[in-house]
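Structure incoming, see below.
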């Protein structure tokens, strides 16, 4: 790393403080409803990160996030309810199952990156919705209710929100760790190259297809992880839970937060989009309008997202998008710890 | 059948304006509601209502294009790739979609509007009773399409539209004002959706969710038929339209699933759709 | 003994033959010039060999093995690298990063080790960094190694392109118009660099329009016109070959 020890230390300290805050948070926020929101923010953050990974590393837009979180959720539910497994076993298995599905799907779909890929993910998401709806083994259109909570570990029982919060926090941090480890390794380097110019990457000997598949499978597995958690937290699950525009909305998280920040961006965007609408509960009616307007404003005037714009402090207002993106890239590559 | 008009509109917007318009379904809904309002609530003559609806669609198209999409597009340099442009404008259209969806609900109220046939007669042809209304829809749709083709292939504006849809940068070098053409294309697509929206009112119930359902299918249909070719999208629209109506009666629920799997297989083997070209 | 053998290669685009039945041998450690007027099919030949698209017919044999129609990254892996007519770089990355990616093939540690940031993976990173620095020195790009590729002057960008191609340690280097857009000084630098590269044991095929450079650089020249070979031989012979002169007469407007 090119950072001086001082910088490195201060970064670690900041992270540590942030972590402590996250851990202490639910002790301060005691309102059940707000705790629910926090948990949902964590879930949404993970989903946003998966979209980021696929988009920024593989260079592909996926509308299939809903499909894979559904696979994870259903797999976990079925394992627990039909096979009697404990949640703690079902969780890793659900992730593995999601990974297998995403691998199989990716194998075929990534051969056509680009618009065809988007369509394929859309169709796949719809297929999953149909399958879980039509076949009663998978719960049919009514889905599952009364999905059991996770079994207690030792003295910790999963009643109330607190244990769920810490569980999700743990899972979220796990995902962040894994993702960050990947991004800072040479795999991340390759991904960055692919995102800048897949053709050139191929010329240098990189098997672009394989790396895209890797990003896709890892990201989708993370989505499956979130799905498994969600199923046992919300305790209900139906084909419509993750259907339709869910996957489209997930895109908004990284865009809002900052498309070039693979982890913090989607986390910030997800949190905002989960929590802010609640502040405006009075105006719940026009909530989509506000969200829509927000999207328009961000894309038109702040394409770097919130984080992108903050790090650009002096410049507010409209400047050319490609120029803006270039500036962000410049700033980022000067910060690149991978060098 | 009406799919075709909407899908054509989508296709035009993508190729001429480089916008992946998620909001198109809601534009269709909007026009249906406008038509309903003018015709039913104001009790105006149907043809007048149609004209007014189309006029308002034109206005809508102009306003949204200039304020929203154009602001983005003016900033594109030739270096920005086609897929990048599509992506960013897709984001915009999602924003528009959200606003429009809820806006229509707020302005017009959320109840389902029943069908209100203008021509309730039934025509008897060879012992098959066909509702005149539906025949009129088909007639209008075909007339519109013929008109569209006439516009695209025989008029100067049409030629410009086609030029920009194949290569926007080259066209601007040739002196075609791509912004103006983009506006024309977008408005044209809105009008197409407008016609579809007006047509649907007398026959089917009009709800606020129409837009969401239809946009999803339209995107699929369009990709199936191929974004590059108009013939392809029409073919796709017709096929899917018929499949949905007939298939449902025969196979029922699982039919849906089968259709989707079929779609997927088609795309896998023919990434450009049945008749179109591969993008990106 | 030929390092690269091209046998009866043709590439048709629709009904049009971009290259037609071309035979070509490239020998070890030579610098072969590939010239011809615009549209003669030189880049098409490169593209067919390097996996950009497979030839319609014919064979490409590299060190005795048939490599016809392999993918670009597979071609890179067996030891053939190329540069592009249009400057093709990771514009938004620094010079150092650009060349680092070029060294992708050098990574031996398995990916999971990289993921876990094990010591061996980290060591490998350092080794690669070292190699990159050495290459940058060799090519004279060290002073600007932290500059964004997009900010470099054109000549340096071309050199960077060659750098990246060298990263994979190729035995055969295909240079597609490396001197495009360069002024005479830069051209001399490039000629020098190419010679230095050859001296390290790399076989080189150069496509170029700059005749002075070609003459001073290449030991053998192969001339294409309308997708077919019209001459082959030493530079002095080629200059005097009447067919070659005729082929170029149309383009020599000076």
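By letter and in written order, the chains are A, B and C; residue numbering begins at 1 in each of them.
To be clear about the criterion, contacts are C-beta pairs under 8 Å (C-beta built on N, C-alpha and C of every residue); 3 or more make two chains touch, one makes a residue touch a chain.
Just so it is clear, the structure is predicted and the values come from calculations on it, not from any experiment.
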With chain C gone and every other chain left where it is, what groups do the chains form?
one piece
Let me spell it out: compute each chain's centre from its C-alpha atoms, then which one is farthest from chain A's centre?
C
Any idea which chain sits dead centre by C-alpha averages?
A
Expressed in whole Å, how far the mean CA point of chain A lies from that of chain B is 32
State, to the nearest whole Å, the distance from the C-alpha centre of chain A to the C-alpha centre of chain C.
41
The distance between the C-alpha centres of chain B and chain C, rounded to whole Å, is 49
As the complex stands, chain C meets chain A at residues 50, 71-73, 76-77, 81-82, 88-94, 96-97, 100-102, 104-105, 107, 111, 114-117, 121, 125, 148, 150, 164, 167-168
Chain A contact footprint on chain B (complex, rising order)
22, 68, 71-72, 75-77, 79-80, 83, 86-88, 91-92, 94-103, 106, 212, 216, 219-220, 223, 227, 253-254, 256-257, 260-261, 263-264, 267-268, 271-272, 278-280
What does chain A use to touch chain C in their complex?
181-182, 184-187, 189-190, 192-193, 196-197, 199-208, 326, 329-330, 333, 336, 339
Contact footprint of chain B on chain A as seen in their complex
61, 108-109, 112-116, 119-120, 122-124, 126-127, 130-131, 134, 244-245, 248, 251-252, 255, 285-289, 291-296, 299-300, 303, 318, 320-322
